[in-house]
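Pasting a structure below so you can have a look.
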Amino acid sequence: MVFSIKAIILENQKILPDFYRMVLAVPSIAREAEPGQFVMLKTSNTLDPLLKRPISIHRINKAEGTIALVYQVIGRGTNLLSQITQGELEVMGPLGNGFYWKKDYKKVAIVGGGCGIAPLPALAEELVKDGKEVYVLLGAQTREKLLCVADFQQLGCKVQVTTDDGSYGTKGFVTEILQEFILNTKIDQVYCCGPLPMTKGVIKLTKENLIPCQVSLEERMACGIGACLGCACKVRNEDGTITYKKVCHDGPVFTSSEVIIDD
Amino acid sequence: MVFSIKAIILENQKILPDFYRMVLAVPSIAREAEPGQFVMLKTSNTLDPLLKRPISIHRINKAEGTIALVYQVIGRGTNLLSQITQGELEVMGPLGNGFYWKKDYKKVAIVGGGCGIAPLPALAEELVKDGKEVYVLLGAQTREKLLCVADFQQLGCKVQVTTDDGSYGTKGFVTEILQEFILNTKIDQVYCCGPLPMTKGVIKLTKENLIPCQVSLEERMACGIGACLGCACKVRNEDGTITYKKVCHDGPVFTSSEVIIDD
Amino acid sequence: MTNLAVEVAGIKLKNPVLTASGCYGFGQEYNRLYDISRLGGIMTKGTTLEPRLGNPTPRLAETPAGILNSIGLQNPGIDRVIEEEIPWLRQFDVAIIANISGYSFDEFEEMATRLDGVPGVDALEINISCPNVKGGGMAFGTDPNTAALVVKRVRAKTKLPLIVKLSPNVTDITEIARAVESEGADAVSLINTILGMAIDIKNRRPVLANVLGGLSGPAVKPVAVRMVYQVSKAVKVPIIGMGGITSFEDAIEFMLAGASAVAIGAGNFVNPFTPLEVITGLEEWLDKEGIKDIRELVGALKA
Amino acid sequence: MTNLAVEVAGIKLKNPVLTASGCYGFGQEYNRLYDISRLGGIMTKGTTLEPRLGNPTPRLAETPAGILNSIGLQNPGIDRVIEEEIPWLRQFDVAIIANISGYSFDEFEEMATRLDGVPGVDALEINISCPNVKGGGMAFGTDPNTAALVVKRVRAKTKLPLIVKLSPNVTDITEIARAVESEGADAVSLINTILGMAIDIKNRRPVLANVLGGLSGPAVKPVAVRMVYQVSKAVKVPIIGMGGITSFEDAIEFMLAGASAVAIGAGNFVNPFTPLEVITGLEEWLDKEGIKDIRELVGALKA
C-alpha cells in the first residue's frame, strides 16, 4: 500500500548547520515502512515548487506511528521545508524497494556518506534486531556535516568515521577504511548510500572482494511511484541486455551488480 | 516616496467570518501614508501567486509607525495572507492618491459598502481631527460582513447602517439612506468606497444633488506604481476627450465627475 | 443527479476526466493508491513499434509552476503493450486510449494495424507532437500536410476512433487541427508539451541530459486554454483539453473554452489524487450551480 | 574588479541588465524607488505613431507563476515620447532603447525616421511581436518575409542600431531570427509574450476583456531560455534575453544560453528591486566564482 496523506509535524529542527531532522506522525506510513524506502514531501502549499521532494525514511517507530527524516537544505524545496515548524504536511509513501537481508547473514557493513547516511539508522536498527553484527563506516566532509553517529552508537553498532578534513575520526575517505576493514573482517553484505563517487568506490571494492553489496541511488523524480519514467537508472539484465529501471519503484536500493553508473 | 520593504506583522486576526485585520510595523510607510492610499502585499515567498495584492490602508498610526489593514478572504492570495501569523511581510507603499478635503468643508459624508469600508476609518479620523462633522453611511450584505462600525463610533462619527437582510441597522441599500440623508443635510463632500453598483448609485445621487463626490476604485494591478498600464480607468478629460488614467497612480481616489464606469 | 458522462470521438466516458499519456503509465502504479475505474479514461504511455530505452538521465527538471521532461518515449514496444498492459487494464471499467508514436508513416500504420481489434482498446491517440525524440515526433505535428497524411494512413488501417494529439509548438494550431480533421480525425487532444530548456548554472550544463525537454504543468495552462479555445472555433470534432490542470476549476476553464473532456498529466505528480478531486469537485460544483448536465459547459464561454 | 560591461548592437552597457518594454514605463515610476541610472538600460514602453488608448479592462490576469496582459499598447504616440519622455530619461546615465510598434510598414518607417537623431536614443527595438493588437503586431513577427521587410524598410531610414524583438508564437524562431539578421538587424531581443487565455468560471467569461493576452513571468522562462539557445546557434548578432527573470541565477541561465544582455519585465512587479538585485547578484557571483569578465558567460553552455 502507498498512502498520500497529511502527516502531523511533531518536530522539525536544525541538527547541524545545514541539516534538519523532522518527525512526522503518520501511522499508516509508519506501519508499512521498511528501511531504505522513502517518502515524497510537498514543500509548499502553492504551485511553486511544483513537485514533491524525495526524502528517505531515517527512523521508523511503528509503535508510535511516526517516521523521522533527516534532510539537508540544498535548494528551494528543502529550504521551504525547513521553515515549516508546525501543522500538517502532505506526504506520499512508503515508496520504493528497501534494503534486504537474509537470516544467515552474520556480519554486515553499512557504509554511508554525506546526506546518504540519513536512511541508514533505520536499516541498522532492523539488522541489530535480527541479531547481526553491524559495522558502520561513515564519511563526511567535515564534523559539521556528519550525521547519525549517535544513532548508530545507541543501537550498539561499531562505528568508524572519516572526514575529509580530519575534524572527526580518521582523516580521509570512507572507502579507504572500508578497504582495510574488509580485508580483516568477513562481511556477508555491504549496504551503501552516499555520493556517487563514494558509491562507485564501494561497488568497486566489494566487487573485487566478492562481497555482495546493495546501493541506494538518487535520481530526479516527478511521480515517485513508477508512472512517469523520469527516474531511470541503467541496469544490466541477467541476459546481458541493458535497460532502464525506475529508481523510485525498482529502487532506490539496487544490488550493485546490476546497476550501471555512467560518468 | 514609495518604499518596498519588509514589515513586521504585529497582528493578523480574524475579525469576522471572512475578514482579517492585520497590523504591520512599518514606520517609513506609516510616516508617509494618507487616507485612501494603499499598499501592495506579497502573499507568498514562492513564485505562485506571482503578483502582490493591493490592500487599502485602514488605519494609520504615525506615532507608533504602524498601519492597519482589513481584508476579505476571497481568493488564493488573501487566503495565503490569512495564514501568515507572524514574521515579516514584503510591503510596497504608500501608493496612489488618497482622498482630499478642504479647510472650509463643514459636514461630510462617508459612504462605504462591503470591503470598501476598510479604508474609510483612516479618512474619518483625519476629517474628525480637522474639525469636520462626519456622517458615515455603511452598507453590508449582512451583519457578519459589516466592517468598522466601532472604529467610526469611537471617532465620534454619526453612523447609519443598512444591511441587505436587515440583520443590522436598516434593511435595504445604503444608497437609499444616502438619498434621504442628503435631502435633509447640507453636505460639502461625499466620499465613497464600495462595490461598483453602490459606487454608481452614489455617483448618480451626488450628481443629481450637485454634491462633490470622491470615489475610490478597484482594478487588477501588476506593478502598483504606474509603470505597466494594467489598471486603466476611463476618464473624461476637461476638454471632453476620453482617455485612461491609472487607478494605482492617478487613483484609487477619483472625483466622481471624471470617471467613466462602463457596465 | 448531475450527469457527468460525455461522449468523445464516439467513446462513452462516465466522466470527462482522463489521465494524460506518459504521466500515468498504464495505470498500475496509481491503482496502488485508488481504484482507477473511477476515472473517465486512461491515455496510456506513448508506445512505439519497437521497444525504446528512452533518453539518458536527468530526464526531469522542475521550473516555476512547471516541469520539463525528456523521457524520450521509453516503452516496451507495441507488442508487449498489447500482450501485457492492455489485458491488465481491461479489467477496469475505464476507457482505454492507446497513445502511439511513430518515426515514419509506416510505423504509425503498422501500430494502428496491430491495435485494430485489440479487445479493450477504445481509441487511438496519435501522438504527432512529442518534442523528445529526434527524427520524428514533433516534426509530424508542426506541418499540416504531414499531420494530415499520418491521419490518412492510420485511418485506412483501423476502425478505432482516432484522437490526434496536437503540438503547441506551432505558429497556428488551428491550421493543423483543420488538416487532421479533414482526414478523418474523430477528436483532437491538446496540448502536448512546449519545448523548453533549463540550465544548471553551477556546472554550466543543461539540466536535462537531452538538452531540450517538454514543458508542462500549471505554467502552461494559459497557453493550453488559449489553444483549446482557438481550435474549438476552427473544427467541429470534439477536443480533449490538457495542460496544467490541477483542480476542478482548471477543468471547467478547459470545458468552457471548448473541451469535451480533459486530461491530467503533471497534476498527478503534484497530488496523486488530482483526477479524483477533479471529478468530485466537478460533481459538487455542478450541483451547487444547479447544472444538470456537464455537457452544458462545453464551449459555453461568453466571449 | 569584475567587469560587468557588455556591448550589444554597438551600444555600450555598463551592465547587462535592462528593463523590458512595457513593464517599466519610461522609468519615472521606478525612479521613485531607486536611482534608475544603476540599470544597464531601459527599453521604453512600446510606442506607436499615433496615440493609443489601449484595450478595455481587465487587462491583467494572474496565472500560475505568470501573468497575462492585454494592455494593447496604450501610449501617448511617438511625438510626445520624443518631446517629453526621452528628454526626461536622458538626464540619467542609462542606455535608452526606444521600443516601436507599427501597424504598417509605413508606420514603422515613419517612426524610425522621427526617432533618428533624437538625442538620448541609443537604439530602436522593433516590436514585430505584440500579441495584443489586432491587425498588425504579431503578424509581422510570425512570417520571416514580413519580418525581414520591416527591418529592411526601417534600416533605410535610420542609422540607429536596430534590435528586433521576436515573437515566441512561431514554429521555428530561428527562421525569423535569420531573416531579420539578413536585413541588417544589429541584435535580436526575445521573447515577447506567449499568447494565452484565462477564464473566470463564475461568470463564464474570459478574465481579460480582450479575450486573449500575452503570457510572461517565470512560467515562460524555460521556453525563453530554449529560444535564446536556439537563436544563438542560428545567428551571429547579439541577443538580449528575457522571459521570466526574477533572480541573478535566471540571468545567468540566459547568458549561458547565449544572451549578451538580459531584460526584466514581470520581475519588476514581483519585486521592484529585481533589476538591482540581479546586478548585485551577478557581481557577487562572478566575484565568488573568480570570473573576471561577465562576457565569458555568454554562450558558455556546455552542451
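Brief remarks follow.
The chains carry the letters A, B, C and D, assigned in the order they are written, with residues numbered from 1 in each.
Here, a residue touches a chain if its C-beta (ideal position, glycine included) is under 8 Å from a C-beta of that chain, and two chains touch if they have at least 3 such contacts.
As the structure is a computational prediction, the values presented were derived from the model and not from experiment.
Of all chains, A has its CA centroid at the greatest distance from the CA centroid of chain D.
Note on interfaces A-C and A-D: more C-beta pairs are in contact across A-C.
The geometric centre of chain B is 36 Å away from that of chain D, both derived from CA atoms.
The distance from the centre of chain A to the centre of chain D, each centre being the mean of the chain's C-alpha atoms, comes to 47 Å. Annotation: 34 Å between the Cα-based centres of chain C and chain D. Multi-chain contact residues, meaning those touching two or more other chains, occur in chain C at positions 61, 64-66, 217-218.
Counting partner chains per residue, chain A shows two or more touched chains at residues 47-49. If you sketch which chains touch which, every chain touches every other chain without exception. Of all residues in chain D, those touching chain B in their complex are 22-25, 28-30, 32-33, 45, 53-54, 56-62, 64-67, 69, 71, 74, 217-218, 246, 266, 268-273. Only residues 61, 63-66, 68, 142, 169-171, 194-199, 201, 203-206, 211-213, 215, 217-223, 225-226, 229, 244, 249, 252-253, 256-257, 300-303 of chain D touch chain C when the two sit together in their complex. Across the interface of their complex, chain A is touched by residues 64-65, 218 of chain D. For chain A in complex with chain B, the residues that touch the partner chain are 44-49, 80. The part of chain A that touches chain C in the complex is made up of residues 1-4, 42, 47-52, 90, 92, 219-233, 242-244, 249, 262.
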